[in-house]
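Chain IDs A, B, C, D and E follow the sequence of writing; residue 1 opens each chain.
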Amino acid sequence: MQATIERRPAENRAATTLTRTVSPSTNKDRVQEILGWYGSDNPGTLTNLARLLNHGRLGGTGKLVILPVDQGFEHGPARSFAPNPPAYDPRYHFELAIEAGCNAYAAPLGFLEAGARDFAGQLPLILKVNDHDALNDEKDPFQALTGSVQDALRLGCVGIGFTIYPGSTHRLEMYGQIRSYAEEAKKAGLAVVIWSYPRGSSLSKDGETGIDVCGYAAHIAAQLGAHIIKVKLPTAHIEQDVARKIYEKERIPIGTLAERVRHVVQCCFGGRRIAIFSGGPADATETVLEEIRAIHAGGGFGSIIGRNSFQRKKSDALKLLADIVDIYSKKNP
Amino acid sequence: MQATIERRPAENRAATTLTRTVSPSTNKDRVQEILGWYGSDNPGTLTNLARLLNHGRLGGTGKLVILPVDQGFEHGPARSFAPNPPAYDPRYHFELAIEAGCNAYAAPLGFLEAGARDFAGQLPLILKVNDHDALNDEKDPFQALTGSVQDALRLGCVGIGFTIYPGSTHRLEMYGQIRSYAEEAKKAGLAVVIWSYPRGSSLSKDGETGIDVCGYAAHIAAQLGAHIIKVKLPTAHIEQDVARKIYEKERIPIGTLAERVRHVVQCCFGGRRIAIFSGGPADATETVLEEIRAIHAGGGFGSIIGRNSFQRKKSDALKLLADIVDIYSKKNP
Amino acid sequence: MQATIERRPAENRAATTLTRTVSPSTNKDRVQEILGWYGSDNPGTLTNLARLLNHGRLGGTGKLVILPVDQGFEHGPARSFAPNPPAYDPRYHFELAIEAGCNAYAAPLGFLEAGARDFAGQLPLILKVNDHDALNDEKDPFQALTGSVQDALRLGCVGIGFTIYPGSTHRLEMYGQIRSYAEEAKKAGLAVVIWSYPRGSSLSKDGETGIDVCGYAAHIAAQLGAHIIKVKLPTAHIEQDVARKIYEKERIPIGTLAERVRHVVQCCFGGRRIAIFSGGPADATETVLEEIRAIHAGGGFGSIIGRNSFQRKKSDALKLLADIVDIYSKKNP
Amino acid sequence: MQATIERRPAENRAATTLTRTVSPSTNKDRVQEILGWYGSDNPGTLTNLARLLNHGRLGGTGKLVILPVDQGFEHGPARSFAPNPPAYDPRYHFELAIEAGCNAYAAPLGFLEAGARDFAGQLPLILKVNDHDALNDEKDPFQALTGSVQDALRLGCVGIGFTIYPGSTHRLEMYGQIRSYAEEAKKAGLAVVIWSYPRGSSLSKDGETGIDVCGYAAHIAAQLGAHIIKVKLPTAHIEQDVARKIYEKERIPIGTLAERVRHVVQCCFGGRRIAIFSGGPADATETVLEEIRAIHAGGGFGSIIGRNSFQRKKSDALKLLADIVDIYSKKNP
Amino acid sequence: MQATIERRPAENRAATTLTRTVSPSTNKDRVQEILGWYGSDNPGTLTNLARLLNHGRLGGTGKLVILPVDQGFEHGPARSFAPNPPAYDPRYHFELAIEAGCNAYAAPLGFLEAGARDFAGQLPLILKVNDHDALNDEKDPFQALTGSVQDALRLGCVGIGFTIYPGSTHRLEMYGQIRSYAEEAKKAGLAVVIWSYPRGSSLSKDGETGIDVCGYAAHIAAQLGAHIIKVKLPTAHIEQDVARKIYEKERIPIGTLAERVRHVVQCCFGGRRIAIFSGGPADATETVLEEIRAIHAGGGFGSIIGRNSFQRKKSDALKLLADIVDIYSKKNP
């Protein structure tokens, strides 16, 4: 059930489509162009999307770097913050995101409540409205609802964040939950960000980041009405036999990371939804930057950098984030 | 538990009934006649049914060709769109349906949100409000709620689409869900389309398209209050022993595809509900057209053509859809 | 766990009570007398009960013959209607019930929606608000909610019908559902009819119609607030050992069908609730009439005749229903 | 896990506390004293509690005899009423409770609906809002919701009755249900009566009436906000090892029935909640009266007498209830 | 999966952070400083937090001693109150908390209802809105909802208390429940106290109080939006291998109880949430005081003292609580 496919650059029909759709433009035009993809949203939601796109050092480029800090909940506080103890303090992350010029900061209810007044209006916030902890190790994970659209509004957020686990037996219920949240959020003028993380008993460990599964998970998030889709960086592994046939027959280029990013972006409505990528566990700086270059080259819209930022000393984190922003600022990746 | 029954044309009592009920008429009269079957619906719902019936190249004939594109969600984006990459772009399907003169375009939330403003008023839309993905392979499938009646209204849709799986252990809950959706939709003046797809642990693979099961599934959809019922083309297989007795005793003609279509139409309130048929996987053109001729001959109200249209090059798809429309346009099949 | 008890007519204490309670009276008095049993209902509900009791050929007698047509949903369309194909058409059943002078017609949402306007005001309608199909064969059956009180109101019904399965592991949830439906229905002035059909893993096949179980099921329906209780005709089988002791000790007469009917009526609040009986599968005319005579002799309030009517040719059905009405019209059974 | 403890009268610390709390007083003072324990309830609820305490032959004594008739639902109609057939008629129980001078009559929806108008204002009514039938025999029983607070209000009841099964795996859900019912009832000025019947897979048969379990069950009902708590008469059996240690160490007197009643009363907030006891199956008159004397001697607030009253001839029942009332009327038990 | 780590005082980076954050101050300043951490709460909630912090003998110090009495529900009345029978009476606990000068009294619905009027305004109350009994012994425990935010308001409470069981398979549902309760409570100006007690099939017995699990559980409560977090005193046991790696690598000091308290406080947003500790079963006085000294030394905000207070004679309890208050009153632990 597992296979990889070599790169076949000559026949990249997908890339052609994508390039045509998402053409280079001036910065201001670029944000307007992106907002144009969301024709069914009300001006309130467009305003909040614009706030996100126009904030920080990448403001106006159509690229995004978001700081997410839900690892305290997801992995435990010591595992998350002991490597850099100032990060136990929720104010630390607001400051880090602001100083680094991130587009937004995303966190669970408690962390946002602990700083939203002190840093009000200083950077766009995204309330992560569901979360999961690591004290149980389920074959088919689910998430707890930990925040609401009303919470996001009272905290001044520009949007909500929601995790789905395609591949889990609980996925259908999760899709139903985000449907309900998204309807309420969009009515209230908020943006909707979906973390689409394939996990569950129907997937092999490799399958969770396999290119077919990753592209499928991104597409599901887009169909569920996400404005912004966050996925993990895909590998060249293909999980489903029925998918492998089409990847081989159509010679979809997935040999390089940039190609795989390009494919995932294509799976998000031919590039007409904002797809961003997470960096995974704390890693060597150069590895991270290499990945950012591939995301940029592949037409990805940006990164969500958690452990690689707040688990370093602040000065190191600011340096890394500056380097990442520099990469995304280049017009021609 | 499986058997087929030979054609016994002489005793087709059902056909007689049907012919009497659904008599030939002028086009305008035909739409009025069909609307007359829905005497319990409010003028709002009748208006939207009329929009559907009067739109496109088959407008006014009482026949329908609908373009459905939920395969990205149901099978994955690469399996659905890689054979024809422009189809990754949600605008492609609006354009295809408009250019082909389809009666309507049906899709999940994300795909409709991505084009509803650009193509507002250019063709009737149906919001598919529940969906299922193929990352898990369940014996007894269920669907996630992915859209709402309010979503359908804000997107300007004429109706909602809902899938039920008769035969699944989750079917009773699904029936309850569509009951609730349909009540809200009808109050809001929307039409209700039910995709009735038998699946689940109580059915053999052949049973999913067996004539007894298909007719039963169509009838359930009608009893649940569907205005339009979509089923797969039935085979001559009979799944249930208790059903086989009656098919044999009453000599119900099911030998040809046209006869089976006629029987399914009869199962939909003696022809007083709109029953349309799906084409299945992408197939040879002539096979598809042969099926359309059978549907027309059997008194079917039309087709819902997904993979056979958007997985071809656009020009090929337009040609095929034109041929299909031509068949349905013939007064005497 | 199974036994039958011989008739011991001498000690029929139950019959004595019943006779005293439900005394003969003039027709008009009789309906008023019956309405008097429902002192906690509002005038709206009494009005609809009166409509039911005063309609048709048995109007005013306090006896009822109701046409129910949910078999298309419960057993499938071909098994239900192929023996008499005009019955595929939902209008057929309205016409049959009107021509036969039935007190009411009961059917699921789809069938009622398909005729409620055409036949508005021509006979009392009962919306069956839950249903079950035969594509799955569960040990512990449940029903899907398929209609609402609001549906019943918009369709002009006099009441709702609801099936419970005492003996199923899902029964407690079903009781809770009808509680909620009944509260809303009574507030809206509708009558509540409960189909009480014992089924489930705790009962033997014989137990489903055993006299103890049937009487218990009828009593549960009465306690749940039903105005009209529909049960199957009971056999002399006794299912529960704890019940057998009391049937034997108290020498409850259950040897004849009339005695068993009398006992079931007694279980419905000593005859102060309307208990009617279903006829079962299509059968020989004389068998059916024999049963009707026993129901009448036992003080039953009437019959609900489905398959024995609509699965015959219309003329035959009208003849049979006329014969049934004649039996119930006799003052001294 | 099972043991009994001998009586150690010398160290009855609990009795001392109780005596001090519930001191003898004139009748009128006594009701006011009892109402004083319910300081968080609104005047509406106090009014209904006062109606209950001031009604019938024990009115004003602070003692209660309540007639409950849910056995038709719980055990079946023949097992309940065949020994005394007039009891099939719901009016019988209203009359019995009125003639016997009971404080109140408690029954499920159907039985109350069938008499509430005819006997309006003649005695306080308690609507049993959940019920269970005996057609399934579950290891971990649950109850169906069969009535609502709104039902209780429209029927003129003074309160609602609710059964919980401590020891059942469904108990937590039941606690949550009564929480919700009690909140609504108290807001509406109704009294809340909890039937606390330990049952379920975690208890031995003896454990269901063991003194530790009975006291615990009574305390849970009190903590859930019950105004009146109904438990079964406890035996000297101790079910839980952790409890036995404390019963032995503290030498809690549980050797006689009166002592056990006293202990249960103490478990109900040191006697500051009304605890009443049920009599169990129909039994010899003297046995019943002996139990009543023990309840009175132990400081119990009264009895709920079902099968021992309505399963006797009315004259016998009235005699027994008169004898019971006489016992509770004695100032010095 | 189990290990302990020696103390490595030299590298206590966490302690440094904490000291900086929670600096010594005058009493009045201290309460204002603490309120300053809750910048997202409305003035109503801050008012109730201030009431809690300013009440009793520790009022204004920023330290808390709370009397909780839910053991009657959680363990049974005899096990809880037989050692000190006056404690059966709910008024006893109000009096004890008032006389001892506690900051607040926390209890389930029944106990609070039984005294809230008599002691209105005499001390801050916390309504425990979920509870669990010990009649079933589940591998994965859950709690019943037993109170509401509306109950807390009508009883004059300053806040609600809610138990979560991290490690239980039901934990995600519990997180969702407190999310909903907390949203309603905060809107109504109430404080939210979370009892975070790790239990369930994924944890060893030692793991329930292991330092990694305890810190994680405290952090989850903080992320769920708790104003006050109650945990058990942690041991040096480490439950999760992935956690042990980081505790060892970062040399987190957990050798002494004070260090472990300091770590848990740090896990609560770097000390910017109020973390208090429970004392466990009734124990020798000196053991209890030793623990209090460690809590104070470690920067803990106080104690919740149940069984160690109400299971002693009142005079002994008052003495112990006075000693505890004395410890917490010391400026330099």
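One rule holds in what follows: a contact is a pair of C-beta atoms (placed from the backbone, for glycine too) under 8 Å apart; a residue touches a chain by one contact, two chains touch by 3 or more.
What you are looking at is a predicted structure, and each value in this text was computed from that prediction instead of being measured.
Colleague: Chains in contact with subunit A and with subunit D: which ones?
Modeller: Looking at subunit D and subunit A together, the chains touching each of them are E.
Colleague: Can you work out the whole-Å distance between the CA centroids of subunit B and subunit E?
Modeller: The answer is 59 Å.
Colleague: Counting in whole Å, what is the centre-to-centre distance of subunit A and subunit B, each centre being its mean C-alpha position?
Modeller: 36
Colleague: Name the residues of subunit A that each touch 2 or more other chains.
Modeller: Within subunit A, no residue touches at least two other chains.
Colleague: Follow the ring of contacts from subunit A, passing to subunit B on the first step, and record the chains in turn.
Modeller: So, from subunit A then subunit B onward, the ring reads A, B, C, D, E.
Colleague: Give the list of subunit D residues in touch with subunit C in this complex.
Modeller: Answer in residue numbers: 72-73, 75-79, 82-83, 85-86, 88-90, 92, 108-118, 131-138, 142-148, 150-151, 154-155.
Colleague: Subunit B touches which residues of subunit A in the complex?
Modeller: Residues of subunit A touching subunit B: 13-14, 16-17, 21, 37-41, 166-169, 171-176, 179, 183, 198, 200, 202-203, 212-213, 215-220, 222-226, 240, 242-243, 246-247, 250, 252, 263, 266-267, 269-270, 272-273.
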